[in-house]
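Okay, so chain A shows up in both of these, paired with chain B first and chain C after.
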Partner chain A sequence: MSEMKQIKNLKQFSTSKERFQGGHRLCPGCSHSIIVREFVNATDDELCVSTATGCLEVCSTIYPYTSWDVSWIHIGFENAAAAISGVEAMHKSLKNNKKSFSDKPMKFIAFAGDGGTYDIGFQSLSGAAERGHDFIYVCLDNEGYMNTGGQRSSSTPIGGATTTSPAGKVSYGEKKLKKDMMQIMAAHGCEYVAQSAPSNWKDMVKKAQKSFAASGPVYINAVSPCPTEWKFDPSMSMEISKVMVESRVVPLYEIENGSKVTVNYKPKNHVPVEEYLGMQGRFKHLFKPSNKHVIEEWQKNVDAKWEYLLRREEAGI
Partner chain B sequence: MEQNRIVWDGNMAASQAMRQAKIDVVAAYPITPSTPIVQNYSQFVADGDVDGEFVMVESEHSAMSACVGAASAGGRVATATSSQGYALMIEVLYQASGMRLPIVLNAVNRALAAPLNIHGDHSDMYLGRDAGWINMVANNPQEVYDLNLCAFKIAEDYSVRLPVAVNQDGFLVSHTTEALNYLPDDEAYKFIGDYKPHNPMLDPEKPVTYGAQTEGEWHYEHKMRHEHAMYNSFGVIEKVLAEYKELSGREYKFVETYQVDDAEEIIICMGSVAGTTQLAVDKLRAEGKKVGLVSVRLWRPFPKEELAKYLGKTKTITVLDRSAPLGSTGALYNEVAAVMVDNGYNAVLLNYVYGLGGRDMTIDHLTEIFNSAKECSDAGKRVKPLIQTINLRGKELSFY
Partner chain C sequence: MTEEHLLKGWEEFEPGATLFSFEGKPDQEVHHENNSVQHSVADWRVDKPVHNKEFCIDCQFCWVYCPDTSIIPDVDDKGKGIFGHIDYKHCKGCGICVDVCPTNPKSLLMFADHLPVEEALRQWPEKEEKK
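And now, the complex of A and B:
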């Protein structure tokens, strides 16, 4: 990893070059645009961006408009990583053969939702990571297929009601635990793997800058609260994001070179998972007496994962 | 020009043309029978014979996706595939052409499963028929080499900017070694020319957006621009083939003809069967029979006007389709039938579905087809079924 650039303070950050412009059509309160801006504005390097089909894509490039002030490509739902690997390979090829368009440093980012990452784009991401392209993959994780009306993905957490895992008379919603993409990507030997939340902007920007300083594949899991399908008031997105972090539902941590775990933030006051679940319509049914066991299971899982991460950190492996 | 004589199979001919084109990025995945192209290119990389990047991806879907990314980034791009790999690519083939990216694909044609079959037929080429690519068909290794060089020049022409597939029959061409002539490296490259980037992603001074969404307001206009480029490409293809003839002495046309001037029975086909049909024509001509051959070189855009020139006087036309139409007449038959209607021609039309999964098609089979057509010719009307098969097991099988 080359030397890390200094983290910008809020003032510097707020006046940095705007790569993702307003006027896009994302929902009010959508966390996607906040994460994207935290990420792409954290560097002065030139950028090429690919985006998988999904909310960010359909809302930012409706012809003849574009929100992107950097070169951008969208091909399909399942191939954001393959697409950016092609762009990066061309960059390398032209550079090696002294045919580059510019001498300026160039970085490569793929943005995709959890559907385009955990599910349909998983193979493409795995292939690109294994090949060791110099790219940063940012998963905008809103725990379901929100662009198509809120269907379940393998990132949907247990108990979540979606349009394809609805809660009903005999069902408490999604039955499976969320897939652990962080560990999977770390197992690929990625130079840098990190999880962040948009409410903790310093953490996000720092992780973005660490990503830009890396030379190998980087995976960022950025949780992205979705007012439309998680069913909360759009003004509450960052509050929800904060509670996710404070309740340890989303631990802010990183894994370097495939193994070294660091928990970047340890909440001082223990916020129970119940509080987080209670803020969203998608978990409303869990508060019926018959579904109480799901909340207990949630808490158990969150605690176990947190303990696991702390043990990994302490052991330095 | 002084040319080198060598023995190559179709795959090596494609690989060598790719080497001479000095491609900036090749992203590929192996699949029979196009695997040797990927292997040959790997060896070029290992020996330092090529300077570009070679990306060995994890699937054909990612191969074409990386090709689209690389071509958008601003350089020369090519790949190769067959059959199931072609089918896996199909979504991205539409993306490549819709974004007007001049990628060259060596499509080594093979049957589509099920049942699984690794041998040559045109199922994959037909699958890609409407994907918006220029499609050329090479009938032997010499043609594979020549058409590859032309493909880069056609694809990258500013007024075309469309991807080009060079099709060759799996095994029958791809694995059949033949003597052929090839150009010296510098002459081949000079013919293709340096890649001229158009709206490259990698130019930070001018950021570009590729793959935007259009919906009802603009989608139709974009598709019609694509259509327009397809029709415009006729002129460019003609020009490039003429320049290539000037350079190499080898002539290529949209449709190739053999003994058609006074022919009363004509076979229309694509691919390596054209060579066998030519021998059948020779045999039957020696017996005094007026038979001829039309081999379609340019599958897309389809050269309706050129084809019409040869079909006005004949009594029967038998169209050979190397893919099961599964519920209609064959795709090539349909094109020919449209040309007949558009021009008010009245020959008897017949359709043979042949050679599926690499089934042999010999001079004897083609003689049988010509003789069958002659019966219609004599009767002045179709006295045979519209769709027929040849060299197919029949009555001895329980399911007939």
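And now, the complex of A and C:
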């Protein structure tokens, strides 16, 4: 067991050695790199990172450059989890045969977008979680295939306009609700499943450290506001992320050992979802009088989810 | 691979060329030649953030929320991180650092990329009264 890095405040955290460097080609204001930095800087252990195809992979490793100051592997869109579980198994085997190249504890992280998690990479993630490898899977959830021009994924929330679910005269955009990946991963019996937002760095770092301390599969769902396809000003990324948390669209909660739910942050004031929806261009058609029912449905879903989480936390199941 | 072709004398630049800032300390860390630190994305920028240390409280929010690792922190005598300088080679000018800055007036503000820092500091706004 490795010793956990002490991070009490930002002044202390900012003395960390940077493990994800600048010079990558992610869009200005992209939250992906903020999440990655909060995550990989939260430990001093050796890391091996695998990334699924997506914004993060294509932007951080453009030939001949790499932004990663840690070991990094990429195979395909669908098998980030399969690759990292293979690396983990190999490391375990080398360690058992005393052939390991490093005595330091090693952690294994897979970063993938929501396309590579909710849709395409789901079977390899499910398999890796089922086999119980000691790895951490971080889903950078920007609610669509943003790298290829903003197609819908099963993470796109209802009413969102994307290039494959456009809003217009006959349609209000995406018709389906967002897939609840947290519950799916908790049902796999993952040791630790958590949802976090980049605007709350303390929560993210705490959850990162908790997942480094775990010895089984860990799933982290990190929402990542996307200025390009959610259509807002790049400087607003953290503002949007904050409103997502305050309006309870993204509850910060964790599920331990597949059942124990803890809500980490309970917003004091009630912020209506209109405030969150109104900040983004992809939801602007919802404010037409004919689409009012979609906003009502949004609010109803958010309230129901929040109520469900609080009741589960109270009951301890 | 450095941008050596860009490191020429002032009279050799063509009009409209991107000039790299000479402000701040050079990066002390040694990086591999294939590290993306060697690559500049400064030409993506339209506006640049300017730091005013008069109002800065070293909260380091700009450091943690910078997507491009462009706020380079310094360490003070007690071993705590403080604001160091802005890395204009990797800053894309998104403006998140200005958005998250909690001071009044802000200690980081966006200015046009061509404006000299001294001029920007002269244009700094006064403290805003809270309504």
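Criterion: the second predicted complex is superposed on the first by the 309 of 317 C-alpha atoms of A that agree within 3 Å, B and C clash if a C-alpha of one lies under 4 Å from a C-alpha of the other, contacts with A are read in each partner's own complex, and residues count from 1 in each chain.
Quick note on the criterion: a contact is a pair of C-beta atoms (placed from the backbone, for glycine too) under 8 Å apart; a residue touches a chain by one contact, two chains touch by 3 or more.
Source: prediction; values computed, not measured.
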Following superposition onto chain A, is the placement of chain B relative to chain C best described as a clash or a fit?
fit
Which superposed partner A:29 touches (first chain B, second chain C, both, neither):
second
In the superposed arrangement, does A:161 touch chain B (first), chain C (second), both or neither?
neither
Check whether A:84 is in contact with chain B, with chain C, with both or with neither, and answer first, second, both or neither.
first
Looking at A:140, would you say it contacts chain B, chain C, both, or neither? Reply first, second, both or neither.
neither
Could you look at A:58 and tell me whether it touches chain B, chain C, both or neither (first, second, both, neither)?
first
Is A:69 in contact with chain B, with chain C, with both, or with neither (first, second, both, neither)?
both
Applying the touch criterion given at the start, work out whether A:37 contacts chain B, chain C, both or neither, answering first, second, both or neither.
second
Looking at A:104 after the superposition, I want to know if it touches chain B, chain C, both of them or none. Which is it: first, second, both, neither?
first
Quick one: is A:197 in contact with chain B, with chain C, with both, or with neither? Answer first, second, both or neither.
neither
Computed vertex angle (chain A) for partners chain B and chain C, CA, steps of 10°:
110
So if I take every C-alpha atom in chain B and every one in chain C after superposing, what is the smallest distance between them in Å?
10
Chain A residues contacting chain B in one complex and chain C in the other 62, 64, 66, 69
Complex interface listing, chain A residues touching chain B:
46, 48, 50, 57-58, 61-64, 66, 68-76, 78-79, 82-94, 96-97, 99-102, 104, 106, 123-124, 126-128, 130-131
Would you pull the chain A residues touching chain C in the complex into a rising list?
10-15, 18, 20-34, 37-38, 60, 62, 64-67, 69, 198-199, 201, 227, 233-239
Quick check: in the complex, which residue numbers of chain B touch chain A?
24-25, 27, 51-53, 55-59, 61-62, 65-75, 77, 91-92, 95, 197, 200-205, 207-215, 217-218
Of all residues in chain C, those that touch chain A in their complex:
1, 31, 34-41, 44, 58-61, 63-70, 73, 75, 79-82, 87, 89-90, 92-96, 98-100, 110
